[in-house]
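Look for subunit A in each of the two complexes below; its partner is subunit B in the first and subunit C in the second.
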Partner chain A sequence: MGRRDLLSPGFFYFALLALLLYAPILLLIVFSFNDSRTLVFPLKGFTLQWYTELWGARELLEAVVNSLVLGVLASAVATILGTMAAIGIARFNFPGRNLFLAVSAMPMVIPYVVLGVALLILFAQLGIPLSLWTVGVGHVVINIPYVMLIVASRLAGFNPSLEEAAMDLGETYWGTLRRVTLPMCAPAILSAFLSSFTTSFDEFAVSFFLIGSESTLPIYLYSQLRFPSRLPLIVTLAAIIMVASMALVIFSEWLRRVGQTTTAAGEA
Partner chain B sequence: MYTRSRVAVLMGPPVLWLALLFLLPMAIMAVFTFRAGTFPPERDVFTFEHYREFLGNTPFQWLLWRSALVALATSVLSLIFAYPIAYFLAFRAGAMQMTLLTILIVPAWTSYLLRILAWKLILGANGLLSSFLLSIGLIEEGSRFLLYSPSAVVVTLVYVWIPFVTLPIFSALQRIDRSLLEAATDLGCAGWEAFLRITLPLSLPGVAAGFFFVFIPTLGEWVTPSLVGGVNGVMYGNLIQDQFVRALNWPLGSLMSLVMLVLVVIQIVLFSRIIRLSDLAGI
Partner chain C sequence: MTDLAVELRNVTKVFVDRSSLGRDLTAVEQINLSVAAGEFFTLLGPSGCGKTTTLRMIAGFEAATRGEILIQGRAMTRVPPNRRPVNTVFQNYALFPHLTVAENVAFGLVVKRVPRAERKRRAEEALELVRLSGMGRRRPSQLSGGQQQRVALARALINQPAVLLLDEPLGALDLKLRKEMQFELKRLQRQVGITFIYVTHDQEEALIMSDRIAVMERGRVLQVGDPMAVYEWPSARFVADFVGETNFLSVVFVSFLNDLAVVDLCGVNAYAQIRGEPLTSGQPTTVTIRPEKVVLTKLNQDGHFKLAGTLEDIVYLGTDTRYVVRLTSGETLVARIQNTSERGLGGDYDIGERVNVSWSPKDARVLTS
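And then the complex of A and B:
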C-alpha cells in the first residue's frame, strides 16, 4: 500500500469508521481525567481524583475480583471441554458428529436471554441457589463453541501424519496427544482461553439471570448506572478496562498470528 | 481399533456438559410453558392457559414484530456500513491488510456494556453530543435528542455489530479468484460492471452470514434497549426478562422464550445451507 493509496476514498472511509469505532472509547478515557462530576463538554481540567477514589470503592473492587476469578475458572473449563471436542471432531469421524457440531454451535447464535432464562429454570427446579457458580456454568456453555472453532481451525492447519509418525515410533495415543497435538495447538488454546476470558469478563445478558447476591463487574456497573453521582468512577473504571482489554486482545491476536505463521513455516 | 474409546474419552465430557446444561434446560423450559404458575402448588398444575394468553395477546405479537423490524434495520444498516470496509480490506489494503483488520476488530472485543454506556453518555439528553451541539449553537436547550428511542437502539447496535459483520464479508471477498476479475477486465467489462456481476454475487454468502449473525442475536436483545431504548424502545427480549424478574410469570416467560427459540432454530435450519460455521467466526 503506497502513499497515494492512503488518500484513496476507500482508506478515507476506513479511517472515518475506525475513528467512529474508537471515539466512544477515547471519550471514556478523556472524561476519566476530567475534573467534573457531570459528563458534559466543555472539559473542566485535568485530575487524577477519580483514579484515587477508585481504590476506595470496595464493592466495585470486589466485583472486579469476582469477575476475574469467574473469568479464569469459566474459561479454563470451557477451554478444556472445547479443546477435547475440537480434537474429537477434527480427528475422528463418529456417528452423531454432525449433530454435535450443530448443537454445540447453537449457544453462539441463540439469543442470550433464552439461554439465561432456561438455565435459571433448571437451577430453580433442581433447588440450586444462584451464585457465581451458576453464572460460571452459563459462561462455559457460551464459550465452548468459540474454543472449538479456534482450536479446530488450528488442528485443520497441520497434518495428522505428524501424530501418526509419533505413534508409529511407539508413542501411545494419549502420549501423542500430550507431546505432539497439544503443544502444536498451544497458541490456539491460549488464544481461545483469552477470548473466552474476555467474553466472560464482559458477559451481562446471561449473568443477569443467574447471579446470586454477589456481583460481577458488568452486573455492578449496570446497577450503578442509575446513580449519576457514581458516573465519573464508572467512566474511570471503564477507561481502565477498555485499555486493559485492548491490550489483551492485541496480545491474543498476535498469538494466533504467530501460531499460524509457524504452521505455515512447518509445512513449507 | 481403539477409536471408539478415544472418541468416548474426548467427546464424553463436552457432550455431557452441553446435554445437561444446554439441551436439558431448553427441554425443561419447554415443559414449564404448560405449568400454571411459577411456584408450587400452581407450578405442579398443567394448563394451556399461557398459550391462550400468548396467542390472544396482540401486544406480545406486535412487540415481537417490532423487534424483528429493529433487528432487520440493524442488520441491513450494519451490512451497508461494513461492506465498503470489507471490500477495501480485501482488495485495496495490500500489505496493511492484517494490521487494518486488527485495528477494526480490537474495539469489538472490548466491553460491550461499557461501549453501550459510552453511547448512553454520547446520546443522552445531557450527553456529550447534545452538550457539544449546544455549545456550538446547533441545537436549543432541552432537546430530548436521540436517547430513549428505537433509533437509539439501532444506532448503538449498528455501532456494536459493524466489526463483526465485516469479518464474514471480508473472508468471502478474500476467497474470490482474482483471475475472474482480470478476465472480466480483459473482456472489456467496466469496473463497476465487474463488481455487480462478479464480486457482489460471489460475496453474497458472506453477506448472508453477516446478516444472520446480526439478525438473530438482535432479535433477542434486551440489554441495549433497557439502557438506551426507553419506554418506546422496548423489545421482545425485555418482555421475556420482565416475566422472569418483575412479573414473576415464569411459565408465560418460558413460552415467550420458547417462541423465540423456535423462530431462531427455523432461521438457522433454513439458512444453514448458505452459511458455513467458519464464515460466522470469520476464520
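And then the complex of A and C:
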C-alpha cells in the first residue's frame, strides 16, 4: 500500500469502521488488566486480580458451564434436524415443500422477543416447568433455519450427479448419504454447528423468557450489571469470551473456505 | 440371433409438470431398440431429442412411463440403479472431489465388500487400462479434463458392467483431445468387450466410433443402422440433414429405370437411387445429394446429365473447397471438391462463373419422408 492509498477517502472509511468495531473490544481487553474498579482513563496499573477473582466466582462459572453445555447440546440437535431438513428440501420434490420451507424459515424473521413470549405461553399451557431444557428447545428452534440455509446452500452447490454416480456404482441411498453426501457437506455442517453454538451462547431474549432458576451467561451478566463493584469481573470474562469466539469464527470461516475449494475443484 | 445386452420395448417417458401450468413433456415416445452384446451403440440427435432421457432410463435414474426395458433379458422396471448391471460415465464426470483418484476408482468395489488389498490391485489395473498409472494418490481436482475423463471410465469399468452408458463424455474436452479420446474409447471398447451405449449430438463422433447408430428426433427413433447405412441411405430428410452436410432438391418423379428413379429437375432428366418407395409419374418429391458427390464442371463438358448454374460463393477449406451453385431453378446446391493440384487447388473457378453440375446416379437418393 502506497502513501497515496493511505490518504484516500476509502481508507478513511475503512479506518473509521475498524475503529468503531474493534476499539471497544480492545478497550475491554485493556481494562481487564487495569488495577481499578472504575472503567476510566487514565489506567491505574497492571493487575491479574480480576482473572484470579473470576476463578473464584462460583455462580458466574456455573452460568458459563450452563451456557457451554446448552450451546453444545442445542446446536447439536439443531444441526442434526437442520441438516435433515436441508437434504429433504434440496434433494426431494415432495408436496408441500414450499410450505415446509416457509414454516421452517419463520424463526429467522420473527423477533426473538416475540418468539420467547410465544414459547413461554406454549410451555405454560402444556404445564412444562421452565428450566435450561426449555431454553434449549428455544435455541434449537432459533438455530434450525440457519443450519438449514448453510447446509442447503452447500447441497445446491454440488452436482446431484455425484449422488447418482454413487448409486450407479452400486451404493444404496443410505450408503450414498454416508459415503458422498455427508462427507461433502461436512465442512458446511461443522460450520453450521459452530455458528449455532455462537448464537446460542450469547442469546438473551429467548433465554430470558424461558429460563428457570438457573442462569445462562448472558442472563447472569445482565443481572450483575446492577452491582458496579462486579463490573471489572464482567469485563474480564467478556474479554476471554471475545478472544475465544474470535478464534471460533476464524476457524469456522476457514472450514467453509476449505469446503468451497474442494467443491469448485470437483466440478471444474 | 446374438445375445441382446439391452432391449427397449415401446418405451415412453412423459415428464409431468406439477406446476399450475401443467405442461407435460413427452421426452421419449414409443422407442424400440435392441443392442447386441459387445456392440458400440450410439444414440445420436440434437439436444432435447430424448437421447439422454433414454440413457437415464436404462441406468435407472428415470422410470419409463410406459413400456419395458430389459438388460440381458431381465426386466428392469422395478430394479433401482444400484442393482442394475450397468455403469455410467457422466457428462461432467461426477468424480467425488473428497476422495483420491484411487478411492474414486475403487468406489464400486467397496460396495461389493472386496478386500482392501484386492481393491488396491484392481484399482491400479483399471488406472493402467486408461493409461493413468501412478496417479492414484492425486485428487480429481489435480487432473486435467482428459485425465478426469479417464478416471470416470476406470471407475465405471472396474465393476465389469454388462453395459457401459456414456453421456456425451467428450463434450467438455477441446477438439484435439476429443479426437484422441474418440479413438481411445473405441480401442478400450474392443479391449474390454463391454457393450457401450453412447449418447452424443456430434454426428462425426457417432460415425467414427459406432457399430450402429440410432438417430433420434423429438423423442422418436428415426433410423437405426451402421454408420455407412445412416450416411448413405438416410431414411428421412431429418437424418440426411443431421448426419453430415447435404443438398435437398425439389424434383418431379418421372419413371423407374431398373433400380433408379428418373426425376425431372427444371426440365432436365436427373437420376437418383430409390428403395421401393411407391411413386407415380408427376408426383413431386425430394432428391438428396451429398456435397462431396456433386461433380462440378466448366460449362458444356460431358457428364451423366447437366444442370446449369452460377457460382455464388467459393470457400477454401484446406482439404477441399466449398462451392455454392445457384441453379436455374433458383435452388442452391453445395459442392465440395477435394483440393488437388490437378484441380488447381480449388482455384479453377471464379465467383459469378457459369458452370455445370451433375452426379453419378448411384450417389443421389430419393427421399419421400
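Throughout what follows, the second predicted complex is superposed on the first by the 261 of 268 C-alpha atoms of A that agree within 3 Å, B and C clash if a C-alpha of one lies under 4 Å from a C-alpha of the other, contacts with A are read in each partner's own complex, and residues count from 1 in each chain.
We take it that a contact is a pair of C-beta atoms (placed from the backbone, for glycine too) under 8 Å apart; a residue touches a chain by one contact, two chains touch by 3 or more.
Just so you know, these numbers come straight off a predicted model, no measurement behind them.
S.K.: Please determine, from the superposition on subunit A, whether subunit B and subunit C clash or fit.
M.R.: Superposition check on subunit A shows subunit B and subunit C fit without a clash.
S.K.: Looking at the overlay, does A:99 come into contact with subunit B only (first), subunit C only (second), both, or neither?
M.R.: neither
S.K.: So which one touches more of the residues on subunit A, subunit B or subunit C?
M.R.: Answer, by number of touched residues of subunit A: B.
S.K.: In the overlay, answer first, second, both or neither for which of subunit B and subunit C A:171 touches.
M.R.: A:171 sits against subunit C, while subunit B stays out of touch.
S.K.: In the overlaid three-chain picture, which partner chain does A:159 touch, first (subunit B) or second (subunit C), both, or neither?
M.R.: A:159: touches subunit C, not subunit B.
S.K.: Would you sort A:183 into first (subunit B), second (subunit C), both or neither based on which partner it touches?
M.R.: second
S.K.: Nearest approach of subunit B to subunit C by C-alpha atoms in the superposition, in Å, rounded to an integer.
M.R.: 8
S.K.: Considering only the defined contacts, which subunit A positions touch subunit B in the complex?
M.R.: Touching subunit B from subunit A are residues 1, 5, 8, 10-11, 13-14, 17-18, 20-22, 24-25, 27-28, 31, 38-42, 80-82, 84-85, 87-88, 92, 94, 100-115, 117-122, 124-125, 137, 140-141, 144, 146, 149-150, 153, 173, 195, 198, 201-202, 204-205, 208-209, 218, 221-222, 225, 231, 234-235, 238, 241-242, 245-246, 249-250, 253, 257.
S.K.: Quick one: which bits of subunit B touch subunit A in the complex? Just the residue numbers, please.
M.R.: So the residues of subunit B in touch with subunit A come to 2-4, 6-7, 10-11, 13-15, 17-18, 21-26, 28-29, 32, 81, 84-85, 87-89, 92-96, 98, 100, 102-115, 117-122, 126-128, 131-132, 135, 159, 162-163, 212-213, 216-217, 219-223, 227, 237, 240-241, 244, 250, 253-254, 257, 260-261, 264, 268, 272, 277-278, 280-281, 283.
S.K.: Touching subunit A in the complex: which residues of subunit C?
M.R.: 18, 59, 61, 80-83, 86-88, 90-92, 94-98, 107-108, 110-112, 139-141, 155-156, 159
S.K.: Once bound in the complex, which stretches of subunit A touch subunit C?
M.R.: 93, 158-159, 161-162, 164-172, 175, 179-180, 183-184, 262-268
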